[in-house]
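Next up: some structures, all given as structure tokens.
One chain, chain A, links the two complexes that follow: it is found with chain B in the first and with chain C in the second.
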Partner chain A sequence: MTALRSRFLWPLLGLIALVAALPLVTNAASQREDFFLIFMLVILASSLNIIMGYSGYVSFGHIVFFGMGGYVAFWLMFTFQTHLLVAALAAGLVASAIAFLIGAPILRLRGAYFALATIGINEAMKSLVTNFEPFGGAVGMFFNFSVYDAYGGARSAAQLAYVAMAVVALATIFTSFVIKKSKFGLALMAIREDQDVAMVLGVDPARAKVQAYVISAFFPALAGAIFFFKSGIIEPGPAFELLRSIEALVMVMLGGIGTVAGPIVGAAVYEWLRSTLITTPALSSFHLFIAGLLLLVVVLFVTAGLVGFLRHRFLAVRRYVE
Partner chain B sequence: MEALIASSVDGLMLGFVYGLAAMGLTLIFGVMKVINLAHGPIIALGMFVILTLTKSFGLNPYVALLVAVAAGLASGIVIYWVAVRRVIDAPELTTLLATFSVNLMIIGVGTTVFTTSPRAVDVDLGALRMGAVTILGTKALAVLIAASVAVALYAFLFRTRSGKSIRAVANNRTAAELMGIDSSRFLALSFGIGTMLAMTAGGLLATLFSFTILSGGTYETKSFVIVVLGGLGNPTGALLGGVILGLLEGVSTMFIPVSWVPVLEYAIFVLILLVRPNGLLGARR
Partner chain C sequence: MTLLEVKGVTLRFGGLVALDDVSFAVEPGELVGLIGPNGAGKTTLFNAINGVYPITSGTIAFQGMRIDGSPSHAVARLGVARTHQVVRPLADLTVRENVTVGACFGREGLGLDAARAASVEALDIVGLASKRDELAAKLNVSQKKRLELARALAAHPHLLLADEVLAGLNANEVAEMLGVFRTVREQQVGIVMIEHLMHAVMNVSDRVVVLDHGAKIAEGSPQQISSDPKVIEAYLGDPKVAERFMAEAR
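Here is the complex of A and B:
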């Protein structure tokens, strides 16, 4: 694996780990909350990038795996007092299994049809969970505070959730990089450019696409498990929120589609912008409008995103940043 | 049995209005292969045009509907020139995101101006009773208007020169340009007509139900289901799909709890996409 001797990957992961450790060392609770959210968005955007950026399949309803993972893990922790880490891992595997089952039929669809199908699956799952009594139906489920006692109280449970989210974010980035540099990644990108040509060159598109889909479903499920563990409550609306799915798409586009660093930059910039807009009184009521305008500008004029643009303009950036 | 007839008549009538909204979505897709993700907020805007004109200017809601028609056409053309024109030939993701950005902007301004509290337009045209079946005057008129708009659209597309040009552009843009058709003008016009249909449907829905600025989302997903039922890009299919969905909503509540209806709708939606992506009317692949 020559990819693992990269001069880009390790410094990047090291930098992120360092940033992640910052609020733990200084004990800054509000900063920790901010970073928690950003790491979650990095996971969503980065995992989406694997199927959308590398393979060119726009999964509009990718949030379905986040919601599903959240529900499976929450249910395990709620009914069997399963430990967070075990429950999250189980949720990830369930999400991947579902992606494997639905992947083969829906990945046959191309372009707009695939995008619509993923929206349909998310909405179907949301309305199904709303009616599914073991998962609490429309009201969802919520923890008794005593659940956190097993983790040494609510405070250290929050600490654990933060560390877990940071680790999953690092794992997602690592996976994203390794895929991009592997033969498998090349196969995906060949499919993105021209599926028929890829097939002629010996790529099995159906198989490669399902593999990418299964991998990209795993990480959002972990993020969902950790997020809803920390919230202590899960409801169908917030779990399967289509808007969040589209926000993840925006982050990928903003940072640079198909790049490893893009989704990270996109998630951080988007979240920073969103919170700045919301907390600035003069702008708070227009934050959606400004977000829309920004998206339009990116889509119309900077299609490659921030990282893509820099890579395009500067040779030095292109040499180091993936 | 009587209740079944009553709810199917009710569903059937609603289906026409759903179908009208979906025709707007499918027309745009048929002509330029763009899925308009601003469809929902545009439906909501149609509702608020009616609300504002009736509440603040005391206009009759059906006169206000004419304003909604004009506003729909104009705003569609503006949206096309600002957000869609530059990326018309780009991959789907780009146009999906471009129209979604319009969605965000409309919702952003809309929630600021109108807030998200529920509104309703007061309009009462009496009702017609036949046994268990009650037909509200507003609903009957909505069906009548929706059907006439659909007929007018067909007359326009098949009988006028502009309509024929739109169909030519939809069929093959390059060939249409070689025949001297200014395609960008007709693309803008089609987008305008598409949003006009959505806004008109929104205006009609405002006379039937209470709504908020976010209500468009529900009807947008309904439109997706309908459009897929009828075949993407096929206006007749959209009308048929609307009627089917309306009937389904009306009848299924007799047999399953209301909260299960969306499960059924989306399951059908995904199944149709997988089994017959060209819709019920489309040719089998």
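Here is the complex of A and C:
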């Protein structure tokens, strides 16, 4: 694949890996926590971008895969003492399977109807889990502290979670890039631009969209598994939080919809902004207001987002940054 | 083997009969002109052939295989390519990417690299090579028409359905496009061409099929068609068109 000889992908992944290694080397716990969260957001935004940016299907309920993944993995670890990495992979596969089953019917819907359906699915999943006793119902599940002994104690369990999150983030970015540069990605973008024309040109839209949806569901499930492993507790509310879904959407728009770098930039900028606002006493209750305002500004004035804007503006950026 | 065989095709939208028992055939390397007054069902016939609209009755066979009932992406893969009368570029993709889609998912199903090469070739043929890195949205109408054609040709189809490719082009451009059609036809590609420019149709067509109110009212050589009273009558709804039609056809 010529795409893998990219002058953009490897430097980008290398840079992110370096940044990820920083708190491990300096042993800075609070920085590690910050990066942990940013990597999680990168996974959410970047995977959302595959279905929303490349295929043009705006999903408001992308968080459902994060929640499902978290629950499946947590249940496996809780009930069978499954290792985190195994449980996370299993969770990813379950999320992809769910996406495969619901994808065919809901991806027939276009525009706002699809967006609404994704919200409905998230809410339905949330109430299903709330009433599902094996998953702890409304109370959820929580680990006994001794669970972390298998990982060499809570401290190294947290470190494992951090490394795992960073690796999944790198894998998500890698996948996003490879899709964008592949024949499959071209099919998705053709569908985004005009599904009927794509079909006349030979693209099977139903198949391509379901494939994209299945891939985009896999990564947030891994993120959910790792996140709730580290928290030690999972409840329906935080697992299927619609707000987080919308925040991921803002990140994609802010950074640049349909670009590889956009969701990364969007996640980092958004999280930096959010934490700055939340720790500024005068502004702490306004961070959602400002997030909303930001979305409005992007949608109204810079529809291409930060990365998209720079790509449009500067040829050099367009040549190197995807 | 007959490339395309349309037999007794009828298409109803509710009470409206858009196509009424239409039959015609296309051989490899043949250029068939499809003419008729506005609303005669020409574009609808294209939509029926490439699977955009399901037909009500009749059969459509491509290289001896039934294709009625197949989705349009399956028909495209067999080697039927088309252009749209109202241009439909994939606006946010570059010109080259547009054409690459045709090469990737058309008859040959090329890999990305081979498809890129095929797309450059197709853009060369229609004279759009210099615009290949522009966004498709930025092209003017005549360039978008060429883009439609390049996208169809890049698939290396066996059958090309060209829907008013010449409309809106100036005399030089029309001559160039007709040259493209001749080249394509030499490669044993069958072409069905919907066109209002009578002199163009009469010049390049091997055979002309005339539709009116969804039904085929005449079929024959350009000479036969231009002197067929039924055809002239069909156009008489608009006397000016009839006059021009007769004058241009001579």
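Simple rule for what comes next: the second predicted complex is superposed on the first by the 322 of 322 C-alpha atoms of A that agree within 3 Å, B and C clash if a C-alpha of one lies under 4 Å from a C-alpha of the other, contacts with A are read in each partner's own complex, and residues count from 1 in each chain.
Please note the rule applied: contacts are C-beta pairs under 8 Å (C-beta built on N, C-alpha and C of every residue); 3 or more make two chains touch, one makes a residue touch a chain.
Being a predicted model, the structure only gives us computed values, none of them experimental.
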Requested in this report: With the two complexes superposed on chain A, say which partner A:300 touches: chain B (first), chain C (second), both, or neither.
Outcome: first
Report task. Considering only the touch criterion stated at the top, classify A:186 as touching first (chain B), second (chain C), both, or neither. Result -> second
Requested in this report: Answer with first, second, both or neither: which of chain B and chain C does A:292 touch in the superposed model?
Outcome: first
Query raised in the report: Where does A:52 make contact in the superposed view: on chain B (first), on chain C (second), on both, or on neither?
Result: first
Requested in this report: Could you tell me if A:117 is touching chain B, chain C, both of them or neither one (first, second, both, neither)?
Outcome: first
Query raised in the report: Thinking of the overlay built on chain A, is A:200 touched by chain B (first), by chain C (second), by both, or by neither?
Result: second
Query raised in the report: Does chain B (first) or chain C (second) touch A:2, or do both, or does neither?
Result: second
Report task. Count the residues of chain A touched by chain B and by chain C, then name the partner with the higher count. Result -> B
Query raised in the report: If you stack the two complexes on chain A, which partner ends up touching A:281: first (chain B), second (chain C), both, or neither?
Result: neither
Report task. Sort out for me which residues of chain A touch chain B in the complex. Result -> 52, 56, 58, 60, 105-106, 108-109, 111-113, 115-117, 119-121, 123-124, 127-128, 130-131, 138, 246, 249-250, 253, 257, 285-293, 295-296, 299-300, 303
Report summary line: Note: in the complex, chain B contacts chain A through residues 29, 33, 35, 82-83, 86-87, 90-94, 96-98, 100-105, 107-109, 111-112, 221, 224-225, 228, 232, 257, 259-260, 262-263, 266-267, 269-270, 273-274, 277
Query - Contacting residues of chain A [partner chain C, same complex] - result: 2, 182-183, 186-187, 189-190, 192-194, 196-205
Query raised in the report: Within the complex, which stretch of chain C touches chain A?
Result: 50, 52, 71-74, 76-77, 81-82, 84, 88, 90-93, 97, 100-102, 104-107, 109, 111-113, 115, 151, 155
